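The block underneath contains the structure these notes are about, expressed in structure tokens.
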Amino acid sequence: MNAIVSVRGLSKWYGKVIGLNNFNIDIGKGITGIVGPNGSGKSTFFKLLTGNIKANTGHLSVFGEDPWRNPAQLMRIGFCPDYDFLPGELTGREYLRFVGGIHAMSGNALATRADEVLGIVNMKEAADRRMGGYSKGMRQRLKIAGCLLHNPPLLLLDEPLTGTDPVARKDLIDLILRLHQDHGHDIIVSSHVLHEVERLTRNIAIIYKGRAVATGDLTEIRMLMSGHPHNIIIEGQNLNALVKLLIDQRYTVSVEMSKSREGLKVQVDDPEQFFDSLPRLIKESGCELQTVHSLDDNLESVFKYLVG
Amino acid sequence: MDTRRTLIELRTMVVFSARKLILNRRWILVLAVAVLVGGLMGYSATLEVDHLSYASDLLNLLFLTFFLPIFALIYGASMIRNEIDDRSIVQVITSPMDRRASFIGYFLALTIVLSLMIIITAIVGWSSYFIVAGISLDAVDLLLPYLLVLVLGSVAYSSIFLTSGVILRQPIYLGLFYIFIWEGFVGSIPGAIADMTVRHQLQVIAAHWIEYGDISYVTGDALVSAMALVVLTMVMVLIGAFAFREKEIS
Amino acid sequence: MSLNPIEYRPWEGKRTDSSNRFMVIASKVFRHKLESKWVLGLLILGTFLTFGFSIIFNSINSHEGLTSESMASQMGDGLFFIIIIILVSMICSDLISEDLRSNSLVLYLSRALKPEGYLLGKALGALMVLSIFTILPPMILAIATTATQSGDDYLASISVIAQTLVASAWSTIFMVPIGLMISSLTPRKTYAAVGTFMTFFLLMLIGGILSSFDQNWSLIDPTFVLSRSYEVIFGIDMISGINGGLLALAIGMMLVPPSLFVYWRIVAKGVGK
């Protein structure tokens, strides 16, 4: 993989507090989710990527270059931090004019691009109002507009969904997906809200206490966690025969039947084999299947097992 | 280095930083000072005194000694420090603009705004005085050197306090110490040690042109003083620019 | 199916009487300020610079007794006033401004604490810290001078000690309302500190300029007012040209409007204005 971001042995501490601890990660193209609880090092990682702070030890490269004291590289990065910094006395358009100006954009080119970006984030109507009157969702969208303005290949979005209402959150998730799918930006997005990251990407990195605990595709990570059997729910009619067949399978760890006898919770240590064999077992048992779903082929379960 | 890029970035920094300074509620303070100074100087003009000398002393005491360094402290020490504290500086430090150039942008904006504010209040005070005392060509001759010296002072003090705002977490206290203890106390000790203040250098320069009031008795080489201020400003701006570049901003 | 009852146990401790709650705030301010090395440093340095030599000098040298003139002169020293101004700036600057910044004013007033109690607590805390400089050293000087006097009119000296106590207490109270007023104007404590400093120096400047017209204009200068107050307290003849009524007015203006303003600010901020 041609890594956009490559990190080896990166450590950063603030006095006695460790931000990142021997952190290793490679991030490639696409949308990558950085997941971790509060204080795990996500924001520290982003500040290192943008050259706001420098690492105490280790090696970090973004597009093959060290970001510390390398402002030219920020032409290729658009950063949207988690905190609110928008000046309330400016309008959205004036703010974009400022951001464009410090990216050496000017004149008609800047005005045109600002319009374009306001359209992408759906903020054209509110662009000429003072930002002090914006809602949280509007502020988030304008922050994203600011980091899009100079059309960087890489976007860093630090907790972009924090503090937004469900409707705004959905709009932002759709926007982030569009930015990658329609506009070709590679995105690194951080969050501590697991199901939201799952809606954005399957490609994740889990950070805990300054370390990368797991990176890669969510399903592959789950598969690697053989110490934690998968929980699968099966619902239907006449499941007794299926239970007997499941018990005989080598991958089955346990089978639990519900009181109504219309539901099973099956623990398996090889979900791939389980799903491969399930159609045959259903046919053999003659049961009527209504639903099958995995309880923990999701980020929350992975997170819970890895981090506790 | 792409000169055109840098100029566009610099211009943007200067315009928006100056706008932020002017729109800040601290302009109420400047307005209050202008009204106060206008009233004070206007009332003082009703005294039976040598008006040119007395006006010179008032301009020296009120502006050169007090309001110029105080305004520079209030605006300069907090300009970058406030942006670091409220984290609005993120848009500047995550732009491709060299941080040293950003610092110069802040410095230019501060100097322009500070000069404007101090000039306006000085003109208000001078006008109030001489409207009562009677305007003359000599009165205009008195004002112009003071305005020039106030602009020079704005440049010098801006460099000191802006840099202190980058380096220190609480630059205001050091600034107060500098103005009231160093310039106020040390600056009044007879001898060479009094020369080591910005205020003294400004007074030496002013004394070169002004023939009225106590300031005309200040001795020294105006050219040397001007050079000293230029060197001080350059050194402080360099220190500030490099400190800003090296600063880790969380 | 029933819910398990929540294991709530009411607090059995003794609640501070509501009329004494301001003392909780005052003691917190006092402890917090004395943890600051800058405040402590200035208290020690100020004491040493203004009274240290006098205490030693008076104790060693022969003197008849403690006189009102000597104490008034000692306390009317410019450095004493400058240090009071610096201390008021440092002590008062964050008392209300920090609560404004953190929005904890609403929290305070949503408890069983009235604005008067809050303000009294803050003011009392500031006064307690300031009194370490304004009361202790002058009293030590007065007592040391009396204890080492060669004359036998101890009654006169004791009456001067009493006057010193009154003058010291007055010095403590006098500048705090202005400091609190400025602190209530801004949520930034550094601006409050600069503003307090600036206000006092500006008043001194204006008083000095306008005194060319009439000596009574000097009453705009708080340090001048304090010096004249000492003359009244110590029973010394006031300098000529000063109108007693205007002196009283100046004192009132420096105490009452700032105090009312702070109270109004706290009430207004407390209701969210």
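A, B and C label the chains in the order they appear, each numbered from 1.
Note that contacts are C-beta pairs under 8 Å (C-beta built on N, C-alpha and C of every residue); 3 or more make two chains touch, one makes a residue touch a chain.
What you see is a predicted model, and the numbers here were worked out from it, not measured in a lab.
Participant: With contacts counted as C-beta pairs, which pair of chains has the highest total?
Facilitator: That would be the chain pair A-B.
Participant: Going by C-alpha centres, which chain is most central here?
Facilitator: If we average C-alpha coordinates per chain, B lands closest to the whole-structure average.
Participant: Specify the chain most distant from chain B by Cα centroid.
Facilitator: Result for the farthest chain: A.
Participant: Measuring from the mean C-alpha position of chain A to the mean C-alpha position of chain B, what distance in angstrom results?
Facilitator: Inter-chain centre distance comes to 49 Å.
Participant: Where the centres are mean C-alpha positions, what is the separation of chain A from chain C, in Å?
Facilitator: Result: the chain centres lie 56 Å from each other.
Participant: Just curious, how far off is chain C from chain B if you go by their C-alpha centres, in Å?
Facilitator: So the centre of chain B lies 32 Å away from the centre of chain C.
Participant: Going by the contact rule at the top, pick out the chain B residues touching chain C in the complex.
Facilitator: On the chain B side, the touching residues are 36, 40, 43-44, 46-47, 49, 58, 61-62, 66, 70, 73-74, 78, 170, 172-173, 175-176, 180.
Participant: Note which residues of chain B are touching chain A in the complex, please.
Facilitator: On the chain B side, the touching residues are 2, 4-6, 8-9, 11-13, 15-16, 20, 23, 86-88, 90-99, 102, 245, 248-250.
Participant: Which chain C residues qualify as touching chain B in the complex?
Facilitator: Residue positions touching the partner: 38, 190-191, 193-194, 197-198, 201-202, 205-206, 209-210, 212-213.
Participant: Over in the complex, which chain A residues touch chain B? Could you list them?
Facilitator: Going by the criterion above, the answer is residues 14, 47, 50-54, 69, 71-75, 77, 79, 81, 83, 85, 87, 89, 98-106, 146.
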